[in-house]
Amino acid sequence: MSILECRGLSKNYGSIQALKNIDLSLESGRIVGLVGPNGSGKTTLIKLAQHLLTPTAGMITIDGMLPGPQTKAIVSYLPDRDFLPQWMNLDQLTAFYHEFFSDFNPAKSADMLEALGVIGTMPLGKMSKGTREKVQLIFTMSREARVYLLDEPIAGVDPATRDYILRTILTNYSENALVLISTHLITDVEPILDEVVFLQNGTIALHENADALRERTGKSIDGYFREVYRCF
Amino acid sequence: MAWKFNDGAPIYLQIVNTLKRNIASGAYPPGSRLPSVRDLALEAGVNPNTMQRALSELERSGLVNSQRTAGRFITEDASALLDLRKSMSEEIVSEFIARLRGIGMSDEQILDTVRDKINSEHKEET
Amino acid sequence: MLLKLIGYEMKAFGRIMLPLYAALLGFALLTGLSIQFLPQDFLSGLPGILIFMLYGILMMSIIIMTCVLSVTRFYKNLLGLEGYLMFSLPTDTATLITSKVLSVLIWSMLSTVVSFLAVFLSALGAGGVSIFKGIAEIFSHPELLEYLPNAIGTTILFMLMLILGAAASIVRIYAGIAIGHQFNDHRILMSIVALIGFNMIGTTLSTICSRAGVYFGIFDSFGQIFEADTTQALYLAQGGMILFLLVQTAFFGVITWLLLDRKLNLE
């Protein structure tokens, strides 16, 4: 059942231990928050899942496979950067995704772009930052992937864009897919989460059902972490 | 757009309460079909699994019936609806009484105030 | 997937190179026609000089842009922010690198062909049809045809050498960039340092090899072959060179692959 699994996963950058012996198992049909302060290892974990980094020790598997061409075919990844070719316009980008990702659904992206009023032949580089972020999310969510890795999708966006992004994630919810959202802004994503994985100094401090955590602590997840870990 | 949630309580319980209020008020009339889990989750801005859990809770309490293919319907059982309203009023009233006692009102005074208020509203209507 | 990736490089290069090609060919024709139809002292006049200069600048830009794009398409597209997208495609690192190298080879060849075509066009414009007569004349001497088979053979090998030589240099530059990218700061500077390092190692190795060649008498035996059968010696030299370039390409290819696959360090 578990679609993303880490066993004894460690990653060092020189003498710095970014991840220390992580064991984690995440299932399909869940929206999971990967939370923790800056530098806690969130991005490192996501990059390891996408083979942008290789583990120092242990392993990470997606649908039972080590990260590679086969896993990339079923993983849709949204980095926390402007990762799309800035010279492309929407048509060129659609053609690119259609050509390279067999799970890309052009009707879906067309619908979302239209709903957002993003049209025309302007290259990405000429769009406003907010629009570009929406376009990146739309293309990421328009793949019918098994795993979505969203790295800080709502950091630094205005409230309207944030609502749009969260709504898009919910609209595209699928029982067959895992959505892993890394963020240090817990309050905003709290209602859409099934589970929370809390990273601190490269270890998993907590992995629990989101509502169970609220019930157990009588606090919001954000409030709980602020109090217990004195972070954020 | 999305529903508002308080910090302390689990989100599924807060959804259950909102749905119960909507059923009691008639916003979801008896016998009417509830939107799908997906649509409700989207409306509330919550995870579909959380919404699912809230709806299961409502099914367990008999306020909602699930029909395999057709979806979920609000119960037409008048006594279940009456029970719902009673239990909700109990909550509201006990909170109301506690607050009035908190500002030093005696039980007699509370009853008088309520009666007077209702009477004066009736007069205004006629 | 390799073909798709190359197709994507065709678009990325083409949007810059194709307009340049069109402009160059246009100016080549214009230059030729101006020489033929404008007064004799045309080239000493300002408009003539301007056209000629533009022609020259365009020719230079094509050479420079081909080189610049060969490097930046690798540097920016794989190791820059776009790397997040490229390394998320359902393919492996080796295919990504191969697609870049092959695309650069294709565009280098296209640029070469277009440059020759430009020279040809300007000559055609200037001299009209008479130029073809000269070419036809070469083939009118039957005794020259005797040399044709060997000439074709060495020419093909020579072309292969050129292509492999280009491939080896490109992959060497990529390996340098991949090493420079291991550092968190001064990546471009460190890439250049790495390339200088490669050069020094290369020079040292070739010195050692030539000394060894003299020592073991390889040059002498080659000299004997050369005297006995020049054609055979030529093939042997070309074959050796091709083998050497293949090894070099493979060596730098593996370095690049290892660094990009195991030690990727995206910003």
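Labels for the chains are A, B and C, by order of writing; each one numbers its residues from 1.
Rule of thumb we're sticking to: a residue touches a chain if its C-beta (ideal position, glycine included) is under 8 Å from a C-beta of that chain, and two chains touch if they have at least 3 such contacts.
No experiment lies behind these values; they were computed from the predicted model shown.
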Ask   = What topology does the chain contact graph adopt: line, ring, star, complete, or other?
value = line
Note = Per CA centroids, the chain at the heart of the structure shown is A
Note = For the pair subunit A and subunit C, the C-alpha centroid-to-centroid distance in angstrom is 42
Remark   = dist(centroid_CA(subunit B), centroid_CA(subunit C)) in Å evaluates to 76
Ask   = So what's the Cα centroid distance for subunit A and subunit B, whole Å?
value = 36
Key: Residues within subunit A bordering two or more other chains   = none
Request  = Flag every residue of subunit B that touches subunit A in the complex, lowest number first.
outcome  = 1-2, 5, 7-13, 38, 41-42, 44-50, 53
Task = Would you tell me which residues of subunit A are touching subunit C in their complex?
result = 47, 50-54, 68-70, 72-73, 75, 77, 79, 81-85, 87, 92, 96, 99-102
Request  = Flag every residue of subunit A that touches subunit B in the complex, lowest number first.
outcome  = 29-31, 163, 166-167, 170-171, 173, 190-194, 210-212, 214-215, 218-220, 223
Sites on subunit C touched by subunit A in the complex = 4, 7-8, 11-12, 15, 77, 81-85, 87-92, 261-264, 266-267
